[in-house]
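Presented below are the structures under discussion, each in the form of structure tokens.
After this come two complexes, each holding chain A, first together with chain B and then together with chain C.
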Partner chain A sequence: MKITKYLIASFIALSITACSSEDEEIITGEGKVTLEFDNSYLTSDLLLSTASYSANESEEIKISDVKYIVSNIRLENEEGEIFTYPKEDSYFIVSETDTDSQFISLSNIPAADYTKITFGIGVDQEKYLEGATGQGDFLTLAQDAGMMWSWQAGYKFFVFEGLYTSDVTTTETAFAFHMGSHGSSVDNYKEVTLSLTNSARVRTTSTPEIHVVADLANILSGTTTFLLDDAAQIHVDAVKSPQIATNVNGMFVVDHVHN
Partner chain B sequence: MKKIILFFLAISSFISCDKEEVYTAVPNYIDLQVPSNFPDLEYDLSKNPLTNEGVALGKKLFYEGRLASDNIIACGFCHEQASAFTHHGHTVSHGVDGATGFRNTQPIQNLAFFTEFTWDGAAIHLDLQPIIPITSEVEMNETIPSVLAKLSSYTEYEQLFTNAFGDAEVTSERMLKALSQFMVTMISGNSKYDKVVRNEENATFTTAESEGLEIFDNKCATCHSGALFTDKTYRNNGVPYNTKFPEEEGRKRVSGYESDFYKFRVPSLRNVALSFPYMHDGRFGTLEDVLNFYTDGMTENGGIVDPLLVKNDGSLGIDLTSDEKTALIAFLNTLTDNTFLNDERFAEY
Partner chain C sequence: MMNVLQNIKIKKSIVFLGFVLLTFQSFANHNFKNCSNHEPDSFEFFFCDLCGCSTSSGSFGLGTLNNASFVGVRYIYQTFESKDGIFSNSPTSTENFHTYQLWGRLPINEKLYVSAILPYQDLKRTYTDREENINGFGDATIMSWYKFKFYKKLDEEKAKLYTNVQKEPSGHSLEIGLGAKLPTGKFEQILADRVNPGFQLGTGSLDGILGLAHSYGADKFGVNTSLTYYFKNENKNEYKFGNQFSYASNFFYAISKEKYMLLPFVGLSGNIYDKIEQYQEEIPKTDGNVVNGTFGAEITTKDFIIGANYTLPISHNLFGGNVTPKQSLSIYLNFNLNN
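Right, the complex of A and B next:
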């Protein structure tokens, strides 16, 4: 009798152990991910308007506004499987003056260990060509945020404004880069894929935060070097706008992932 | 007995009233009548099916001054039906507070057959085109969020949005879709030319009109091609540079390409007799002025003049005698569509 009791007890104990170890191996359900977009200038946190930063040659800049559209977010897990966040919900505006906008919360993400993230900067032609259907309320958000042009029916993908001085330009002079697609002529939508420093473990019970740092120094000194004394205002330029788009895409790195 | 019947009737009507509370408006879908000599539609109606209620809302919005910051300048202010939906007598269009732009108003007709809009292609979907005039400082000078807030505050729109879209919520998607629905129905394809082409009503060209068509086919139809009378390209036609509007760069303004400087959309010629003045800046008052420009007025303008308009000897222009011009104008007059210009479906009142 006693032996039977012990046997039953040990069976129960075994089965509990077995169950709990299986729980750790099979990852099911859905969770959330937070993307943080943290703007910097080289190794310093970006400060608007007050801080002066060295750009190319003798140029010194004070940045007053940084905004960009982040879109079409995809996550890739260890097995190479890609989860695409629903396109209609996958357009966001990150603004340096709006802290809330720098934290993008994504929900209904299948639980997995994710190792790569892909996102676009701007709005793809496919979305434009969906007309009013495709824009939904993003149109209103973008206009509120000053991310639409008024002379063409299109979005500004990236806004970078401020004042600069140089050996030649001794009084503070305004600069502004506004980059977007050019109607049907130039498609400046570009995507960037970043490897995560450590995997983002999405579980029903845990929400990892992917901390992306955007180094704005890359805008003037990226793949292409821009001297503001050559052109301080770049809005629609078939040569320079795509170069700005490349520099924008090159400014992102994943600094770390909080699990 | 009667009393009992009345009593039951009363009860049953109360019951049906209860049911009415969950009643939702069902819009009436309509078919678009496309003229048989027209190309296929470019506008994707599957994403925005036409309904009587949607078109009605679109028309109301088209003539709604409250889309502008001054609550006066409606779309229909610059797009007048009697002038083929252009701004009669204005070289460049006027906006709020007397502001002026630097472009001549284009007609609104047959837009469902196009994928790009305005003189320079600044909109690549019909739904998105109205954003430009609504938000441009020199036109309606508004913002979409502000327009939506204004419309939401008027009870008349509650019913119109409910009829068209099932509930009273005013969104940019619904507003733009309604405007598109109205514009999609604005088809001009019932001119004398169309009737001749379709063998309708025993319509025939006069001798002058026939001669004009032949000249047109030989000398104009490469660019002004097909049933829409445009090949939808952007071209520099050697129009002299206008120093009044230094911001004007033509298609370059949108594309950013130097080679697109002073290129403009080849305009449709439908209702051209009524859509004066002509060219992107409305510089020419009459069709005679336009033809005289093509024979004698073309010049280098800072861009690359279209090779089609360069003669064998290197000079610019199209050779036309004055008799040929007269015949051409006779033909162009056959493109006037009085059915469209007087169609009550498009009229403000």
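Right, the complex of A and C next:
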């Protein structure tokens, strides 16, 4: 029996000593980050056209199109240091109908543990005032995606379209919210800063994925409540556009981060 | 007589050695060398560990809480339904976990015994459009148990009349166990990113186990209760399963026949999990608890114990409600080494 005891003792001892602690890692180099934009309606994954969602009062909506411009991405690490993604490469169009567009891949990110992300919805005045040539390829991309009224009127930052019914409007009726800055007269560009649920650890060998959920229910029922029976079409509106911009900003949340 | 005794000892030693060797073998298969950083992680009580076995708990069997030494095999089947995505309308996947265990128990002396379990896992997950399967050794568990026996108070009148009055057992016994779960099962980071983090062969960590078991046996019935705490450690991916508290209590009734004893039982068990951590940060929606109801029966003969039980969750909230435990089934066959 003694042999058995020794065997057990040595077995346990060996298992414990097999693992010794690791030295503090030195973080250098650059890596990548993937930013995923996942649209939802409340807790449900957003389904275009097929699903009917309850909005305010008796209004029922079917959403047929959701698009927005994501821009000026910045990452903040645990020391509070901010990395700004190169501005000329920091404009993206996220479209619900184009899965690829929902994954934004950022490269040459300094390796660090990032805890916060900031991005803008739309195009800032600084960029807009660079003129048509200053927009680079993004101008064409926005035009092709229907994210511009005209050069003078500017970019559409957010497009939200579909059909709705209500007690008053019994036949399916189109609605469309197009929000953007109005030339340089009304600036609706807004930024949102989100804390990450757990840190995004960018390394030369590891690409974290920040999974952002955008809850479209917030558009009609956010800081401002919109009744489609009051106004089903909102395009250029000095009062309502800024309110929509605020609702859009409030719809983003970081669900999780994969390292 | 001496020969017979020695034979028994040899037999026991061979069985135990076999266990140890098998465990080492599986260590070797699962890149033991990579374990140069931190490793340890999680475990479970008598026989279930979070990986591939996250929500069941149990004991070594009712008839085996005496000082018997045995070696046996057990099969556990469990099913879960997990969300394949983060939304309420995300599709679900069905998980079927098959666990085959080699287990045994060996007394070292009157009060002390050692138990060991080596599992083999075969885990399957069916999505709406694809399937996933992993198999291999799971995490081996080794524990040592110290047993306290309780006796009735001596009858003082009797003690005066007779010289050799034996202490009468009270029927209660208490065991304290201390052990480790070894990282013999493979841990894959990619699987940890899915909704059910329990879909792993092993935790990849060396974990500590503290167990407390009480049993009471009267003539016709008995109650076994066990409490276990798993101190989970970080593995080499800096991933740390949440500490786990398991409890189980079974009430059994004994029906004695000439050649065997039948023990039907009912019981309650449960697990409470802390949040999983990675890189020293808690991961949201990774804690939970589950309460199970169990019924089953065991047949004990001179040479073997055969048992089966069926477990159904009564209430649960696992991983933010995204994992739903379904029924599980366990059957086992133990050979008595005392004869």
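By definition in this document, the second predicted complex is superposed on the first by the 229 of 259 C-alpha atoms of A that agree within 3 Å, B and C clash if a C-alpha of one lies under 4 Å from a C-alpha of the other, contacts with A are read in each partner's own complex, and residues count from 1 in each chain.
Rule of thumb we're sticking to: a residue touches a chain if its C-beta (ideal position, glycine included) is under 8 Å from a C-beta of that chain, and two chains touch if they have at least 3 such contacts.
This one's a predicted model, so the numbers in the text were calculated from it and none came from an experiment.
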Partner chain in contact with A:A153 - chain B first, chain C second, else both or neither: first
Partner chain in contact with A:S44 - chain B first, chain C second, else both or neither: second
Touching partner for A:K87 - first (chain B), second (chain C), both, neither: neither
Partner chain in contact with A:V213 - chain B first, chain C second, else both or neither: second
Touched partner set for A:K32, first chain B, second chain C, both or neither: neither
Partner chain(s) touched by A:S184 [first = chain B, second = chain C, both, neither]: first
Touching partner for A:S199 - first (chain B), second (chain C), both, neither: second
In the complex with chain C, residue positions of chain A that touch it: 1, 3-5, 7-8, 11-12, 15-16, 18-22, 38, 40, 42-45, 47, 113, 197-199, 201, 211, 213, 255-256, 258-259
Chain B - residues contacting chain A, complex: 44, 47-48, 115-116, 120-129, 131-132, 135-137, 143-145, 148, 171-174, 176-177, 180, 251, 253-258, 260
Contact footprint of chain B on chain A as seen in their complex: 125, 128-133, 135-137, 139-140, 143-144, 148, 150-154, 182-186, 236-239, 241
Sites on chain C touched by chain A in the complex: 9, 12-13, 16-17, 20, 23, 32, 35-40, 85-90, 106, 108-109, 114, 142, 144, 180, 182, 193, 206, 278-279, 281-284
